[in-house]
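Down below are the structures I want you to see.
Shared between the two complexes below is subunit A, which pairs with subunit B and subunit C, respectively.
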Partner chain A sequence: MEKEILLEVRHLSIGFESYNAKVEKVIFNAISDLSLTVHKGEIVAIVGSSGSGKSLLAHAVMNILPDNARTGGTMFYKGELLTPERMNRLRGHEIAFIPQSVAFLDPLMQVGEQVVGTLGEKARALQQKAFEHFGLKQSVAKLYPFQLSGGMARRVLLSTSYVAETEMIIADEPTPGLDLKIAIEALKDFRLLADQGKGVILITHDIDLALHVADKIAIFYDGRVVETADTQTFRGDGQGLKHPYSRALFHALPQNGFNLQRCPKCGATCATWNVDEKGMRCGCGNS
Partner chain B sequence: MAILEVKHVDFRYGSGPWILKDISFSVEEGERVAILGPSGYGKSSLAKVIAGYLQPQGGEVLWEGKPLPPSGFCPIQLIYQHPEKALNPRWKMKDSLEEAGVPSGEVLTEMGIQEKWYERWPNELSGGELQRFCVARVLKPETRLLICDEMTTMLDAINQAHIWNFVLSYAEKHNMTLLAITHNQYLADQVATRVLRIPELNHIQVDRSEL
Partner chain C sequence: MNKGLLRYFGKTVARMLLLLVAVSMISFFLVNNAPMNAVDAFLGEAKVTDEQRALIEERWGLNKPPLERYLIWGNNVLHGDMGESLYYHQPVSKVLKEKFLSSIVLMGTAWILSGLIGFVLGVLSGVYRGTWIDRIIKTFSLVLASTPVFWIGLLMLVVFAVELQWFPLGLAAPIGKSVNDVTLSERIHHLVLPALTLSITGIANIILHTRQKLIDVMESDYVLFAKARGENLKQLVTRHGLRNIALPAITLQFAYFSELFGGSVLAENVFSYPGLGSSAVLAGLHADAPLLLGIALFSALFVFVGNLTANIIYGIIDPQIREGGGING
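Right after this comes the complex of A and B.
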């Protein structure tokens, strides 16, 4: 059975405009051509090296990129074109975002109020329920972000998506700093939401955690999706993975042998190789 | 004979709650020990106490039966989780790399450090590239014990395996002792010859709501 498509990103590109020392305008391209589809009832995990543009994708969908960003490509949500205006209406209501940095909390606002947000008094009870769910004391609601530890702030961020009646959640690294129990608890919540027919994008570099809950795993490298694989292909010996980079990533996991391929000519490990659409090869010229 | 002895160490920041309470263990020369545990149990504080960056309020840390030497190249070196915090942002990469002497050519080649990075500032390299510099600059004969505090948690699996594989082979070849601090059971099993669990080691009450 084909599931209904919730979000579709087609040929997204993101560049940043800036000025160089000669006051000439230069554009730095961070993402060149990226496509991704999320169906209803699905968790898509995005994994990949740091700096590969994972967070930028999330910011582009949420329309919260900085002013000097230039984007290309199209996005569809529930079959309709997702324009910046439409996104601004949906943001925080139908589509919730859990940012990577705890610095996204307003430093001058009590965290309880931030969780209630613009949803009004009806969300108050939900906020209390969310805090209870994530093991935060009710007194925490009256605190300001600087009074929280990293893990507490992270749980406040998770609470913000818990109260909104969302159709879709984009979570950008929601688990670092959390202890494993709470991290798994938070991921189970995502699973629960997905099982109710919602969509989740889970950006993470922790493949182990992603494998616990995700349906599909999109592997990012340098602003591109090199492969979207079913979670099952990440089990066993990893032979179901198509792209050499995905396979290298799989075999490098501590539980899968911790192995890296070496260049037969110069002996450099594949951590230093170049990666493109077709494969990966060593910089010494031997493929 | 134990090369490192941690004896009844207690530590807290200022007059805050105790972070470390009555921690004792020892490490033999050439061993690879992993300290495994969830966040909030004082893993990183313990690393800093052992490396001499923090002074314990109680107990002692002994290196070859004596306190750590107060000057000279410290035989215990520490690699942090965040390389961007370990490097001076106002020093070019070459200066940080060669602060305590030029690393051997073997180390530089194996870590894939390119000379074109030497003149760059730390904010112009990725986390994985910075961490290679941090590792390369401590892999010297003077380093006898290397503490790796979540050395690769910020990195993808390929960079993680790359750095660890080289550190392990270097340690083997030069009889360097390793102390790895991690929350990842698989990684601990992969790199260590002995695993210690910090909740069993550290006699503190952790208030889980504050983590």
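Right after this comes the complex of A and C.
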């Protein structure tokens, strides 16, 4: 059965304009020719190391890129062209965004107030429900962001997507800092939403986590989608994976015995595959 | 009150005292070494013999070494006696009080005017960054910022007092009217030009700071997120923008106390407004050391109180300070 397309990103490119030492305009391309499709009822995980452009993609869809960003490409939502104006009308209602860090909360506004936002009284009841759901005391609503622990802040950010009737959620690394129980709870919520026919983009740098809930996994590397694969492909022997980078990721998974792969660039055996905050680094120092 | 806050206040007061001592010392020795002689200034054209001059000097204690004189003076000040003004022939404390009352009306008006106008224009220009509104306001403030106060004052005088004759040329009240007969509207009438001139000096600074701060806030991650949640421009500005520029605006407004004092010297002189500023100049011209020192001490105190008030208000409205719980990184 062919599922309906919810969001389609075609040939997205994002560059940043700046001036170099000679006061010449230079453009740094953070994302180039990136395409991605999210069907209704689907969780698409975006996996990639830090700096690979995951957050930028989310910001581009939400139309909250900074002024000096130059974008190219087109987006479609529910089959219609997604213009910036249309996005501005959809965001916060049909499309929810869960940002990456506590810096996205107003430092001088109580967090309960922020979760409710401008959605009115009906949202207040939902905010209370969301806090209960994530094991936050109701008194937390009166706190300011600086008074929250990392895990509490994460749960507050998750709560913001609960107060709206959304068709699609874009969650930017929603789990770090959460204890396992709540992280699993949050992922279950995404699954539930997807099963109701909604769409979820789950951004993470933890491929293992993505494997647990996602239907599809898009592997990001340096502003490009290296490969989009069904989650199944990551099970078994991983031979369905096309790109060496994806295969390297696959073989590095714990359940596949932490197999060390040859570096796709230099061909030598790397001492360690290190997919961490800094990027994917190989002993050859070639990446 | 908690321990931290008490310690904070203790520290602040100690700093204030130290500052006052330093200011008093520096100004005392500056006045002492200034190429002006109080006796000459006092005598003016009158011819006196050397003995008579020596008598005056002894009477005024001018023959004692500077350090001793400083200590005597300091001791007197501590006992509430700031000496007698040579120019006004009145106790310095009385002159200070009188002039300050007249200055505070001027400075207060200018302070509020510049704060309000500066804030509103700064917010407008920040919200509509890059549009013609922003360009006009920015040009306006850059022109103001690079124009000296006395020149603005003179311009105001020429246009509004001489040409249009809407406002009087100077002073705080009509000439020849006894203090008790001066009506409120006459006072206000005399206040408008000097207050406007004085406020204009601060406005540019406040506009540009407010504008920049608002732009920073509007580009922050939390405003991006609020946008992503569907808030429109008006909601973004009122819910997040104003909230987050309020604290720096207050700090700036109180820090501007010191500039206000400096500006008032010029503005009061251009408009012959009888306040502390013009007295400071008179005291200087007439080698009125006690009054000059009194004004120096007083202005230091004034500026300090401004900063202290800012800190206290900050403590009350900043949740990071108010709610305690430690300030994270």
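As a convention for this text, the second predicted complex is superposed on the first by the 261 of 287 C-alpha atoms of A that agree within 3 Å, B and C clash if a C-alpha of one lies under 4 Å from a C-alpha of the other, contacts with A are read in each partner's own complex, and residues count from 1 in each chain.
Everything below uses one rule, namely that a residue touches a chain if its C-beta (ideal position, glycine included) is under 8 Å from a C-beta of that chain, and two chains touch if they have at least 3 such contacts.
Keep in mind the model is a prediction, meaning the values are calculated, not measured.
Trainee: Contacts for A:Pro66 in the overlay, against subunit B (first) and subunit C (second): which applies, first, second, both or neither?
Mentor: second
Trainee: Check the residue A:Gly92 against both partner chains and state whether it touches subunit B (first), subunit C (second), both, or neither.
Mentor: In the superposition, A:Gly92 contacts subunit C only.
Trainee: Given the touch rule stated above, what does A:Ile5 touch, subunit B (first), subunit C (second), both, or neither?
Mentor: Neither partner.
Trainee: Report for A:Asp106: first if it touches subunit B alone, second if subunit C alone, otherwise both or neither.
Mentor: Touch status of A:Asp106: second partner only.
Trainee: Identify which of subunit B and subunit C touches the larger number of residues of subunit A.
Mentor: On the superposition, B touches more of the residues of subunit A.
Trainee: List the residues on subunit B that touch subunit A in their complex, please.
Mentor: Going through subunit B, the ones touching subunit A are 38-40, 112, 126-128, 153-162, 164-165, 183-184, 186-187, 189-191, 208-211.
Trainee: Touching subunit B in the complex: which residues of subunit A?
Mentor: 47-51, 135-137, 149, 151-152, 176-182, 205, 207-208, 248-250, 252-255, 258-260, 268-272
Trainee: In the complex of these two chains, what residues of subunit C are touching subunit A?
Mentor: 219-222, 224-231, 235, 239-240, 243-244, 247, 318-320, 323, 325, 327-328
Trainee: Sort out for me which residues of subunit A touch subunit C in the complex.
Mentor: Those residues of subunit A that touch subunit C are 59, 62, 64, 66-67, 88, 91-93, 96-97, 99, 101, 103-109, 117-118, 144, 146-147, 160, 164.
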